[in-house]
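Okay, so chain A shows up in both of these, paired with chain B first and chain C after.
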Partner chain A sequence: MRIKVLTVRASLYASLTTLAILTLFPLLWVTSIAFMRSPEQSAGTPPLWPRHPTLNNIVNIVQREMLGHYFLNSLIVAIATTVLSTFVAGLAGYALAQVQFRGRRVISWVVLFAVLIPSQALVLPLFEMFREVHLINHYAALILPAAANPVSIVLIQAYMRGIPAEILDAARMDGAGEWRTFFSVVVPMMAPMLAALAVLTFVVSWNDFMWPMIAMQKASMQTLPVALASIDREHYQEIGLMAAGATVTILPMMAIFVASQRYYLRSVVAGSLTD
Partner chain B sequence: MKSISGPLFVLPALTLIALFVLIPFLGVLGLSMTNFDIYVLASSANLHFIGGANYAHLFHDHAAWQALETTLTVVLAGVPATLALSLICALMIESIAPRWRGLFRTAFFLPVVCSTVAVAISWRYLLNTRYGLVNHLLLAVHLPALNWLGSPTLAVIAITVVVVWKGFGYGMIILAAARREIPEELYDIARIEGAGVRRQLLSITVPILAPTLGLLALLDVAGYWQLFAEPYVLTQGGPMGSTMSLLLLMYDRGFRWWRWGIASALAMVLTIIMWLFAWLQRHTKTSWREG
Partner chain C sequence: MASLELSHVFRVIGGGQTVLHDIDFSAHHGELISVVGPSGCGKSTLLRSIAGLEEVTSGDIFIGGNRVNDLQPQQRRIAMVFQNHALYPHMTVYQNLAFGLRARRVARSVVEARVRRTAVRLGLEALLGRYPRELSGGQKQRTALGRAMLRDPEVFLLDEPLSSLDVPLRSEMRRELMALHKSLGMTMVYVTHDQSEALSLGERVVVLSAGKIQQIDTPQEIYGNPQNRFVAAFVGWPPMNFLNGEILGAHANDTQNVEYGIRPERLMLQQHAADDLSVSGRIECIESLGGVWQIEIIHNGGRLIARVPPDAALRQDAELRLWFNQTDLYAFNRTTGTRVKVNR
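Coming up: the complex of A and B.
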């Protein structure tokens, strides 16, 4: 009996470890190739590990292909999107959950309807709209549509409903205006949720591909994934170069995720269980 | 005071949603019923309302049916595979010592946070016919090397594998959280009554997790249905259009040929089928609760 339990436990750890290695392998391998010298990459199947690690590929993709520039574009867009989206959704989610006003119900329904519209189906009219106001090839073309985030509003609304109204009423009775109540009472209360959504928004913005590719027609305005895809069209034979580009694109997100997974995972779970 | 701050707080979000979701949605609906193409772009005098003609065109368009079939194949094969993998990993993680759980959760979730373009590039080298590691391993065990991205059937399978690999960590996190909510007493009672591991799984775990699985199915369908970056990088829709997804076809028609009427009709078809899936999911969920 004892031996059977041990075997079951051992096989559990063994299968989990195998699955984890298989899952991580494509990420680890591409990172490893990024540090290989070109003979290692091109002579048949690249080895698992660079025998003579080099920074050449990273230097090449950063200098020759201006990857640092695209990195900066991505960073600007992701930060602005995150700040704007989180602030706007925080205000709206709180008001829809805890402030009484006319039309609240209708607006909640409108937000729910917006959740059901696949954003990628909207790129044609969006392109026309931004072209009309000459904002194609501007950061605003990426930031503004991404800041219209109905899912975040629904999540904050659900989270804020769980907070007793008495706490907020007490603050209001002390004579604090709605703005003061919002910033000094509500924001601290929903800070964990806001932090979680902020990380989620940042990652989604960083990885977004289709709309950024359409909206940024000028090469110098492209974000990292878009630039990577267009460098890839030209240089896909240069394994080391492309592996370096992929590594520079995914490493920051992996680092952010590992550093903030406590918040990030909470928002992922909240997003699915508040049905 | 109260009456004015409520609308004021909602206003920014509502403006953004109206401008960048609702109006574009009406735009797609409207465009799908016009002849909007490169000639209209040159002079708007050429713009005409043509009713359902674009939809009728799609109905007779081989490429549209093929894109529908490809996307549907990825959804119908990918969603069950993702859910199964998510569930298996979640249950395994929840039954090991707590201090090791975080490590495995992180490992399975990392692909979710990575750029699809970047991981597709990595997968393309793994699957390469000549020097890819997958074929290297196949040859090592004396199996024939396969032309993964060059054969229509294999390319769809390869894309489904990449999609599942990138997606299952998400469901794993949610199912693990839901599993933790199930009281251990239920399992204690089952054990006292002599239920084995399989019986516990089928009579307690799966029925209780069923609503969560249903919701995940919906989220996965919505995500996979919008398949775009994977075929864009891995195959560019080829070989012979076999991996052209609905969105890739919309992009191709819209931004390569500037046939916006047709492309918008494709976008509407995509949206409506997604709504159909959502309706189906709600429907089956209520019948579970009743039953």
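Coming up: the complex of A and C.
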């Protein structure tokens, strides 16, 4: 019995380790290339490890290609999108799950159907719309379309359904208005879910490529992934420079995931743990 | 403190279903009224309507003589204790108690003093820093009660507040509730599906079925003088036995339309008066409950339950004759269920 458990556990760890290596290897290699000198990185297949590590590539890409500027663009867009989208999804999901009003069902269905629309299909109408209101080349062009994310709304709605309505009734009886109820009672109760959504939203916004490429036509307004792609076109032989750009792009994601890992995991398993 | 009055209250929901049908009663200042009925009878809806959490379709609700139909829950000076306590899970006991006062922008020092006073009164002072998940059922219940008390209500509404507690704790909390009611002297409406709880707590009892009031009376009258078959069957445990008219033999004159009822505790093993009547049947089951035995007999294909003093002579499957006094017999119209005078 004991041996069987151990065998199962060993094979589980073995397969997880393999999976981790497969996932992490390219990432580590790219990071490693970012620290290599020119002869190494441009030699057919670059080695796994830099013989003489250097910061030249990083310094070059930040100085020569104004990477800091694009980094800032990405940061502004991602933070604004995350804050706005989490707030809207929190309010909408709560209202659709717990507040009684006419048309609630219809709206719920509309939101659910909106999940099915691929974002590529929205590019053209969005572009027309934002050109009409002269917001192309503005941060708003990237932030506003992401502010109401149907997936987040549906997730929050499902989570909110699990919260007993009596608690909200109690808050009403206690004399708390709608906003106080929302901020002092509802938000703390769905905090894990909101935190997980915030992380996901940030990552999606940070990595978004197609719409930012189309909506930000002025070079100075480009986000990091778009800028990185144009660097690729200009310096297609300088692998080190590209790797440095990719490393700088990935860094904030890594930091966020490591910092929020515990919260994030908690909400993923929240359904099975609520008492 | 104030009186509560409901005048011809109706509530009709979406599909045209009438959840509350002509609810009309009043509780005088300081009275404890219990509302009892099977699940789905509309008792929770009734309570939520009084609280203002649900709107009534027609009719008026008065608190302290003022019509409150159009007031928001927080304006009605009402407090409610919910079935599952409904404590805020992310707040400590102190924060739970203080939440309502804070929402009404009461000064911090006043909040502190009042919360402490209420906590002491309910024996919660050592638990103020704990979270609801760290409390026992009884402690959660006390916290919910305290939160309601701090609302300074004129009418106190309780929605099955004891149903989530185990039996010994329930009777302890019941006593505490009664003491609390006496000391606070406020009007209380207590909703429960447990008829014994309703009888033991309520100064008057409202029996509700299918959204209609079946009877409003003192516990003694509800038990001893039920106005219809529903009340007779619902109140009392074990429930009343119902018999066909022929058990009265020549005495009965309207066996077709009348159904008779006799309470299990009124059936006797011996004849006591000359005009006592009897039924007989085979003993199906003997259940010893200590000082009293519960006996089930099969009579005419139907089951009768009797509560009698222990008797070693009783054997399962033996024939048994059970006696009862004619004055203990209830009669009900077979079609309408309303109580009729016993005809002999």
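Keep in mind that, in the parts below, the second predicted complex is superposed on the first by the 242 of 275 C-alpha atoms of A that agree within 3 Å, B and C clash if a C-alpha of one lies under 4 Å from a C-alpha of the other, contacts with A are read in each partner's own complex, and residues count from 1 in each chain.
The rule is short, and it goes like this: a contact is a pair of C-beta atoms (placed from the backbone, for glycine too) under 8 Å apart; a residue touches a chain by one contact, two chains touch by 3 or more.
These numbers were taken from a predicted model, which means no experiment stands behind them.
With both complexes brought onto chain A, simultaneous placement of chain B and chain C is permitted, the two fitting side by side without a clash.
Contacts of A:133 after superposition: neither chain B nor chain C is touched. Of the two partner chains, chain B is the only one that A:232 touches; chain C does not reach it.
Judged by the touch definition given at the top, the superposed model places A:189 against chain C, while chain B stays out of reach.
Judged by the touch definition given at the top, the superposed model places A:111 against chain B, while chain C stays out of reach.
Of the two partner chains placed by superposition, only chain C is touched by A:180; chain B is not. Put simply, more of the residues of chain A are touched by B, taking chain B and chain C as the two choices. Of the two partner chains placed around the shared chain by superposition, chain C is the only one that A:169 touches, whereas chain B remains out of contact. In the superposed model, A:219 lies in contact with neither chain B nor chain C. Taking every C-alpha of chain B against every C-alpha of chain C after the fit on chain A, the minimum distance is 7 Å.
Overlaid on A, the two complexes show chain B and chain C touching the same residues of chain A, namely 177, 275.
Chain C meets chain A in the complex at residues 48, 51, 53, 72-74, 78-80, 82-84, 86-90, 99-100, 103-104, 133, 147, 151. Touching chain B in their complex are the following residues of chain A: 9, 12-13, 15-16, 19-20, 23-24, 26-27, 29-30, 33, 44-46, 88-89, 91-92, 94-96, 99-104, 107, 110-111, 114, 116-126, 128-129, 144-145, 147-148, 150, 153, 177-179, 182, 203, 206-207, 209-210, 214, 224-226, 228-229, 232, 236, 239, 242-243, 245-247, 249-250, 253-254, 256-258, 261, 264-265, 268-269, 272-273, 275. Put simply, chain A touches chain C in their complex at residues 164, 166-167, 169-177, 180, 184-185, 188-189, 191, 275. Considering their complex, residues 1-3, 5-7, 9-10, 12-14, 16-17, 19-25, 27-28, 31, 89, 92-93, 95-96, 100, 103-111, 113-119, 121-126, 131-133, 136, 165, 169-170, 173-174, 177-178, 211-212, 215-216, 219, 222, 225-226, 228-229, 232-233, 247, 250-251, 254-255, 260, 263-264, 267-268, 270-271, 274-275, 278 of chain B touch chain A.
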